[in-house]
Each structure stands twice: as structure tokens, then as C-alpha cells.
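The letters A, B, C, D, E, F, G and H name the chains in turn, as written, and every chain counts its residues from 1.
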């Protein structure tokens, strides 16, 4: 790695992020203090204002996505796989070999739907019989193939699969991904 | 509140959510088990697969937004205020009385920018002198008025303000919001 | 507040806004007169060309949103709340703790729908039996959970709630927000 | 339900929907009372929660747009004209004969920009010398051709014109539209 | 009108447009010849390559839109009116006093739908009984309220109206606009 | 071609179109008369309300696009070509072999820009020196490679090319397309 | 063609593309080596990492599109035709004379749908009887008129046609395009 | 896995895909033959109409993405990584732990830009000095961090990285991903 000066390092990028990386943050704050902009408020937010939430590590999310893809490949199916976090944000997207152009976004939407209601999309699709307009909620797709990842029963992520000849197959592959996280 | 049967309760909505609400989740999982859909994977994700992240409670976020708005109102300025979480998702949006139509999205983008780089947007705008294309990153706005909310130095949220006659004023109001969280 | 020169004050921001803030506007108009741009037309629009419309103050809108959120929290539900004005523009958005990623936009669309037809969305959803394509109108969502705010029977705003296990629950929370405005 | 005169009831809101019938509007309100949906909150919002805002009548807005278009036609220019309200929402759009495909949205954005900062866009474009990133605010266009419509000095609408060989010409036509409102 | 030099005139705007304005075009072509860019091809397109199409003048389109709006106002309805050309591009948009936020885009889509199939949208909505997926075509809205404007039986424009309590009323107003063009 | 009944023919599609195809339109109008929808206005729009505009036939537009693509292929360049009409609507799009993913939309935007200002985009790009914000107009791209197609000096279409190592090359290919229309 | 230096040639454009054009690529790589940016990795990807996919040449795709358009024109129908590749990306788009404004995107979506499931859209539309939510997948349109192009039974492209009075007619024209590729 | 009949299997999903999976395609074609829709054209496209293109396998693309992410993690940086194919379509997306919300789309755009011009984005950013409007091409981002993957010198994919404090760091990680494909 070519050495870059501290000045360069803070120049164009994100400095740090979650608490686990707090060490690198100081430099930026320090340089901010010397500018003529309005003085930044230095005090940390009080604990009583904070809430913790749970998600998957990228390693776990990648492993789950690959387990889902492998399950599909093993039976000759060509699919896309998405893993989203509790906020519906995509953590991992894999467009498998031979998967159609409609598959990636379908996979993301199935995962989004599963994490929103903490249930498999095969189950959620049945609810449309009584509440058909649920499917008009932006970002959702009520087709089998999405499965929530839970921690203590609450949704912390979801896996969506699309591209197999039936949604039930897609969902089996998604569940294979979920199962990989329980090991 | 009219009593609704369990059946109705699980019908059209989200059941539960983050870990803090795990208690209500059970019912859904239970009913899911009795369906003919592919058997859901019941085992929870293992701890080693999980990561914790920190954010603001909605009470804290609302209090901060109102502190920013109050700071503006006190000096006769008409602004919008946004509070976003670490993922850039809006937690609170207030379109103040008399704020222009450009203000809400400006406030959201300033907050998005501040949380992305963990620095006030007044500071970030200066970086454009050396990396002018940073401002082409989708969702960003490099104008003063955004301020990060930190926990142990890492960004956990950000506040954006827009609508005052100068970005420096906007940022003072945003910092007033940040300051309210340190109390 | 750091003192900024008049020049700075008019530099990057909005100067004033609604009639209640007319005082600060003069400066801009004045400086505009001294430029070489086409002379601005100074005369005010005549009264006969003007119409008044009614909306909520940001204080009232925030109070209503919080009342809706409190009603949900009290019974253990995790929801998002939106308050829109008569033009369908969001005045307040709160994404409650534990609310799913689908909730904020659902809340906004329910409120948009309620203010467009001046009726609760539970009522509007029933109209689809006879006019099913109503739900194809952009920006709408025909799910219970939206409630109009009226002044003399006309809609001046609306509250939308999303995230509870049923739309009926969502709408009860929205109505709690409306009720807070009648006190 | 508080009785409102027919005049009031239809004044600012949309009443009803379904195709078959105006006649069913009364019935809808009535049936709402008897349904099992959550009882609607009937009380009007209290006056202290309400704010008035000022806009143009559609007759005035149309007259202003036509005055702007006539001013352009008189000197052989082919333009589009937009009139937006204080919220930036388009009230009138005219795509003149021979105007290019880029003209309508340009006109709307110029008007949006003018009403956001209560100044002609020729003036606002100069501010970019000191705050170049202002032009990254979504919905704006910093080209001459937009002019605010004021009431007591505050912006209540704006007119945007696009399509002439120079922005200065566009803005003269926009100002002709503003002037028509002062008569 | 302030005099602007030819240089200024060609600087930022559109020079000319439809054939009726060809006179002003020469200047630009001339100046283009003196640049070092690839020599422009000067020969006009041959007649055999050209096709004529028919549309409304802006005067006619505006008159039709106002006739539709007047028809609505006369019976106390608050609507938006759109006139689109054969390509579905909006020529005139009027958001009437008291029309809801959903009305303008609904009016545009109804007009778009009517001009696409050269039939009133009330008629087109019936076709959905046999071809329900027609309504998934982007830009369309299969609700009564759109009416084509014909020349020799072919569609040259369409008028869309939205906001009345029923689509049939909307369509009567649209037809009043069409009728104004036959006089 | 399989014979389809008249009933089938009018069922799901567009019936007729431009004046040149008026013959097929009658059937729909006729069937419309027998419905219970609001009686359609049968009278044609008066001539004084109508304006003619000029465009390319699809045969000519395709020939021009292919001439541009051939010119590129002849010198070993891989490009996309777009032909837009006077309204900026794409008539022909060709994504050539080996053209990059950025090329098709670039070609369309160059053509859109050229038809909007009736000048080659190489020429228009120079105007930015004096009016830099022109390039913020939605839909435009100020890079060499777009060339207008004229009839009597007025723009009736434009050709855009993208993908060659320089915009000047792109524009030479576009001009080859224009030249094919002069033969 | 005006001579441009090598420097100019690599300045603004794409240099080369698919393997068939590798010859021109060297220059860029070479110049990249002399810059102070992080040294580019020069080694080619290993063969075991690569997969081949099959598509149409632009000549074939254009011929197919024209065959489809000719089939429509021969029977007096006015349509748009799209040819997409296996990834759903448009290779050719033709908006025929007199085709309505809804036709081009309809044609593209039909082709997208046909290539995604390797079946004619008339066939796919029938599947909705059992899986109605398939049509909610973004980018699709389940109306007859799309036909896949196959190589050894696998989909390598698709043709979509829209604008005729029935989808069955549209699909006949699409199939005429497919047939032209078998000769 | 619940057994599903062949009928069910072809019901809702994609059947097959690239040539490598042609075996499963037959079933669908067969069932299509028995329907009353227009007879599908069965003949395969002729070889002379076909072109081959090269891309990465999903295994290779995933390995490359992980190598890039590992390179970043090793030096304590929190980034997102995207791998796109020659068409700019995302094959793999990884949002690393602690990466900001702006990172995923930045990574995708850097990869899109690198594959479009077959050069690292650090190199491409320099070209803006002479052709500044290149950066207005939709989908691009001219910031260091994108690197092409080549086969015989031609681009077959690209890797984009975003989130480190400087683009140069991002690009080093991207190049680590490219290097993993050369082994």
C-alpha cells in the first residue's frame, strides 16, 4: 500500500464508522476544531438517548447468501440471492450464473418484504386474500422466496431468492441460507 | 381500543420488530408453523453471526429535531430539520412553518452527508476543493447545515437543517440539536 | 450565534417565507434592485388574485404525530407516523423505535390518500369494490391507517400510521393524533 | 358529524370518488358512521393549531402565465411557462407552440427556485459564485427566467419561463407575468 | 425589452424551433460554421424522409382546458385539467382551486391513456374486464375522465380531468373541453 | 396472420393513430356510441385550432441511425446511436456491438440536447463557458456527439452517438447519419 | 475525418469493448501505467474465472426488429418494436410511424418479460391465474406481444411489440421478427 | 422439500437461462405448444446472427469481491464492494461492516465507470480536466476506487470500492480484487 499523508487520508473519504472503528475518527474531529466553521458539539450523545439494534456481520451475511446459492445450484437452478438488514438495506447481492434480469430486484424485494413483517413471503402472500392492497406498499413483493433471519424471535435480517421455476423452490433456497446461520 | 382477535392481529400488519419487542413475535411464528408452506427455519441466528449497532431512540431524535427547530425559530428563521440514523434513513422530519419547498430534502441530504463522513457538512464542503467529484455521490449535499451525532466518537445519527439565509446559520441550529442530546 | 454580515446572510439561503416573516424579505429585494438583471416587478399581487388556505402549525402537527405514536407505544406497537398538509406534502415524519422499513412511506401514502379524498383510508379502501382502479393513482395507498384533519369539514391535513399488525390498529392511532388537535 | 353547508363541504377538498356517483357521497359519510371501522374523530382542529397561507387563484395564475407567454410570442420567441405555488407545486403549465422539449421542466424548476428563495433566478444565479453547491439542491435550476410573486413582500408563488435564446429574455417574460398580477 | 446583443441572444437559450420560426435559426448555424468542431451537415432532410403530424395550438389547448375547468366550477367541483399532445406530452396543466394533491397527475395520466388508444377512458376501463393487465402499462390510468381530441377521426390530443366525486363527472368536464374545440 | 374478430381487435390495443391511419378508427368510435358512458363529443377539432409539425418517417430515422453506426464500424469504433424527434422522444435506438453500458443513454441525451437548441452538441458545449448552469437542465448532456436534423433550417429531429474515444468522433458519426437524410 | 492526436482520442470516450476490439485497448492501459495512480493490475483474469454468453449481433437484432415492424405495417398496424438481450438491455428500439406514446416502453417491457422467463408473454400471462403477483416484478408487462429468441433452447434475446389493437396481433409481429433470425 | 408437480414447477418462475442450462427449457416450450396462443417460432436463431461475450462466473466475482473487502478490513477500513459485468449490471454487492450509507451506490457507480471506459477511475477522473462534462453521463462516478477486469485486454467486468478515507485506498482494495482473478 502506497503511503498517503494524513491530509490525503481525510481528504475524500469516510472516516470510520461504527463504534468498533472509533479510533480513526479522532483525526477528523481534531482537524474540524481548527476550522472557522461553527464549533462542533463535542459531547457524545447520552446513553439514555441511545438504542442498540442487532444485525448480521458481513461474513455471516455472505455465508448465508452463498449457502442459498449453493442450494439452488445443487439442483440445477439459476437464481439471484439478496440479504437485507432490518432496515431493508441490501448487505449482500449475488446474481448467479444464468439468472434472468428480473431476478436481482425480485430477490431484494422478497427479502425486504420478509424482514418488514418477520415472516416468510409464502406466508405473507396468503394474507393478501384478506388485505389485497398490502402488495401496493412500495418496495414489497408478495411472492414466495423471502425468509426472515431472527434473533430471539425478532427479525434482524432476511434472505430473498428469485429465479427458480417456482417461488416454493426459491424459498427453500432462502431457508437453506437461514439455516446456515444457525450453525 | 377495540379488541381484535389474534387472527385479525396478524392479518395485515407488521408483527413486532427489534429485539426490544420480541414478546409479540411469537404468535406469528406459531401460526406460520401450521401452514403448508415450506417449513420455516426456526433456529435463531448464532451470536457469532451478529453485530450490534447504536442509534437514537425516537424520543431522543424528536427532542433533538425540536431543539434545532426552536433554535431557528428563536432568531426568526424558517427551516426544515431532519434526523437520520447511521444508515441514512430518516427518523424524524419536521417542515417548519414558512420553510420553503426546497428545505425538507436539503435537510435530509445534509444529514445523510454528515453521517456518511462523520463530520459537519461545513467541513466536508471544504474537501471539495481537492476532491470536487465527491459531491456527485448520490444522496449527498455539500452545504453547511449537517452535523453528526456521535457515540464514543463514531457516528450514530446526524441532524440536517435547511432554510436559513446561510448554511452557517443552518449548521448552528443543527448543532443546537446535537447539543440537546448531550444533556 | 456568530454574527454574520448582511452580505453573508443573503448569500446561500432562503430569506423569509410566509407573510408572517415579511420583515426579513426587504433586504433581498433591495439588493436585487441594485443588480444589472432585468428590473424586478415590485408591486405586490392584487388581493383579488389571492386565495387563503388553511393548514396546521408545525407545533400542532408535531403534537398530533406524537399523540399517534404514543397511542401505539402504549399498546406495544411499533409504527411510523406521518402528517401531511392539504397539498400532500409531509410536515412531520416519525419513524418509531422498531418500526419496519416499509412503515415510513406507507404512513406518508396513507396520509396522502386521506387528505386527497377527505376520508379515513379504511373508508376509502371500501370504495375500491366499485372503482378498483382508484388505487392506481400515484402516491396513494388504500390501506386503513390514514385519517383526515378537518377545519369546518374541509381537509387541512391528514395523519397516516403504519406498522401495527392491522390497518385498523394503525387507524386508531392516527385518530388519536387527530383527536389531539381538537383539544 | 358536524353539519357543514354544501358550499363548505366542497370548498377545499375532494368529496368522494367512485364512478357511479355523486349521489353516493352523502351515503358514504353516513355509512362511515355505521361501519365497524374505528370511529372517525369528528371534532374540527382547534383554531390555535391552524395557520393561514396565501396563494394565487387559478384564474390569476392562468392570467399571469398567459401574459408571460404573450410577451414572448410578441417578440417571436417560443417558450414554456410555469406558475408554481409557495410549496413549489405547479398550478399552471403552458408548453408554447414551437417550444423545445427541455422547456417545460426548465420553466418549472426556475419557478421552484424563485419561490424557494423569494428572488429572481438571475439574482440567485449570482450567489453561486460564493456558494456553488446551492445548485445541487434537488428541484432547482439556477438560470435566469424565474421570478417570485409576492404578497406583502413574502413569496406566494413564482413564474418560470424557458425557451428563449437567453435567460434574460426568459426572465423579462416571467416578469411580464408577475406584472399582470399587480393590475 | 432590454436590447441584447446577438452574441448574448444565442448564448444560453434555444434558438428557434418549429418551421414557423426558421428565420432566427440562421445565426446559430452561421456561427457554428466558424468553429473548429466537425463541420455540420448543412443540407436539409429530403422531403421523402419527412412526415407531418397534427396537434393543437397552445391557444386552442388553453381554451379547451379552461372550458373543462369552467364546466367543473359551474357545478361546484374542484378539479385539475391536463391537455396532452399525440405524443402524450403535457401542453397545458391547470390545478384548479381546491383540487387535491392527487388530481394533477391523475389528469395527465387520464389524458395520456385517452390519446394512446383514441378513446374515452370510461370506455377503456371496460376493456380491463378482458385484458386486466393493460393497466400495468406505464403512464396510464384507467379511470373515467380522459377524452381524446380527434382530427379526421385520428387522435391529435386528449384532455384529462380529475378531482370530481366520480370519474363520470370528470369525463363530462373533459368532453366540455373537447366540445370547445369544435366551435 | 390468424384472423381475429372485430371484437378481439378492439379489445386490448391501440386503434389507429396518426391521420394516415384514420380508416381503422371508426370501429371504436362506433362501439363507444352504444355504451352508457357520457356521450363522446363527435365533432372534429376545427382547423384553426390545429398546427402541423414535421418529423422523420421511421424508415428515414432507421436509415440515418444505421448510416451513423456504419460510419463508426468502418473505423473500428463501438458506439450506440439514437434518433429523437422534435419532442425529444426516441424514435430509433441502436446499441452497437461492443458499445459500453453508458453509451445508449448518452446517445439519447446528446440527441435530446441537439434538438432542444438546434445545434451540434460540440457547439453547445462551448456555450457553457458563459452559461455553465445550462447543463443542469434535465435530460441534457453537453458532450460532442449530437447533431440536429433540420427542415428549412428548423430542427425536426436529432441524432446522438456515444461510445467512441472522443466526442468529436462521435459527432462525425452523427453527422454521417444526418448526411444520409439529405440524399 | 479530422485527424485527432492519440491524446485526444483517449480523452473523453470509451476505448474499446468486447474482445473483438481488443486491439485499440492497449493505448489506454499503456498511458495508465505512466500515471501516479495506484499501479493497475495488468494480468488478465484466468480462464477458469470466465463464462461465455450468447447474444445477437446488432445487425441481426436490427433485421429482426425491422421484420417485426414490416409485418405490422403490411397489415396497416402502427407499432413500436424492441429487441432486448439476455440481460434485458435494449439493443434496438423502433417507434413506428403513428405508434402511440405508450408503445415504446410497452414493447421493451414485453421483451424483458419474454427473455426473463424464456416464453412468449401470451403464455406467461396465463400463469398469472395461479401466481397473480408475478406481475408485480419490476420491469415486467404480462401482455401478449413478447417472444423469446433462443439458441439451443436457451433465451439469448427477446422481441417485444406494442401498439396493435390486440396483444395477439402484437405477438404475431414479434414472432415474425424471431422467424427472420432463423433464416 | 415438498414435491411439486412439473406443472407447478413451471408455473411462477424462470425456466432456465443461459445455454449451460438448456436442458430444463424443453418442458416450457412443450407446454407452450399446446396452448391456443400464436404458435411460437421454434427454430433457433442462426449462428451468423449470434455473438459471444465474456464475463465472470459468480464464483469468481464473489471471490474477487471478498478479496477486495479483505484487503480493506486488513488495514481497518470499512467499505462496500461491487462487481459489475460488461453491461454494468451488478453481479456482487457487499456492504461491509461499518460502511456508510453512501458506500454501496458509490461502489456500483465506480465499477460502472471503470467498465464503461476500461480504465481505473483514478485515471478517468484526470480526463475531466479536459472533458469536464463526462461526469454528467448517467450512472457514472469519477472518483478513484473503480478498476476494470480484463480478458485479453478488453473489459469483461469491473470492481468498485467505496468508503475508505481516500479514493486511492479504495482503488488499492479494488485492485486487490482484480489481482485475485489472475491467480
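Convention: a residue touches a chain if its C-beta (ideal position, glycine included) is under 8 Å from a C-beta of that chain, and two chains touch if they have at least 3 such contacts.
Keep in mind that this is a model prediction, so the values were computed, not measured.
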| item | value |
| --- | --- |
| Labels of chains that are neighbours to chain B and to chain H | A |
| Comparison of E-G and A-H by number of C-beta pairs in contact, larger one | A-H |
| Chain pair among F-H, A-B or A-H whose interface repeats that of B-H, sharing over half of the contact pairs by residue number | F-H |
| Interface residue overlap between copies chain B and chain D, same or different (over half shared) | different |
| Between chain D and chain E, centroid-to-centroid distance (C-alpha), Å | 19 |
| Inter-centroid spacing, chain F versus chain D (mean Cα positions, whole Å) | 31 |
| Averaged-CA centre spacing for the pair chain H and chain G, given as whole angstrom | 17 |
| Multi-partner residues of chain C (at least 2 other chains) | 2, 10-18, 20-21, 38, 51, 57, 86-87, 89, 97, 100-103, 116-117, 131, 134, 143-144, 167-168, 172 |
| Pairs of chains found to touch, sorted by chain label | A-B, A-C, A-G, A-H, B-C, B-D, B-H, C-D, C-E, D-E, D-F, E-F, E-G, F-G, F-H, G-H |
| Chain B to chain D touching residues, read off their complex | 2, 97, 100-103, 105-106, 109, 125, 128, 135, 141-143, 167 |
| Residues of chain E touching chain F in the complex | 10-19, 21-22, 25-26, 28-29, 31-32, 35, 37-41, 43-46, 48-57, 59-60, 63, 85-87, 89, 116-120, 122-123, 126-127, 130-131, 134, 144, 147, 149-157, 168, 171-172, 175, 178-179, 181-183 |
| Chain E-facing residues of chain D, complex | 6-7, 10-22, 25, 57-58, 62, 66, 69, 75-76, 78, 89-104, 143-144, 163-170, 172 |
| Complex contact set, residues of chain F against chain D | 51, 86-89, 112-113, 115-117, 131, 133-134, 136-140 |
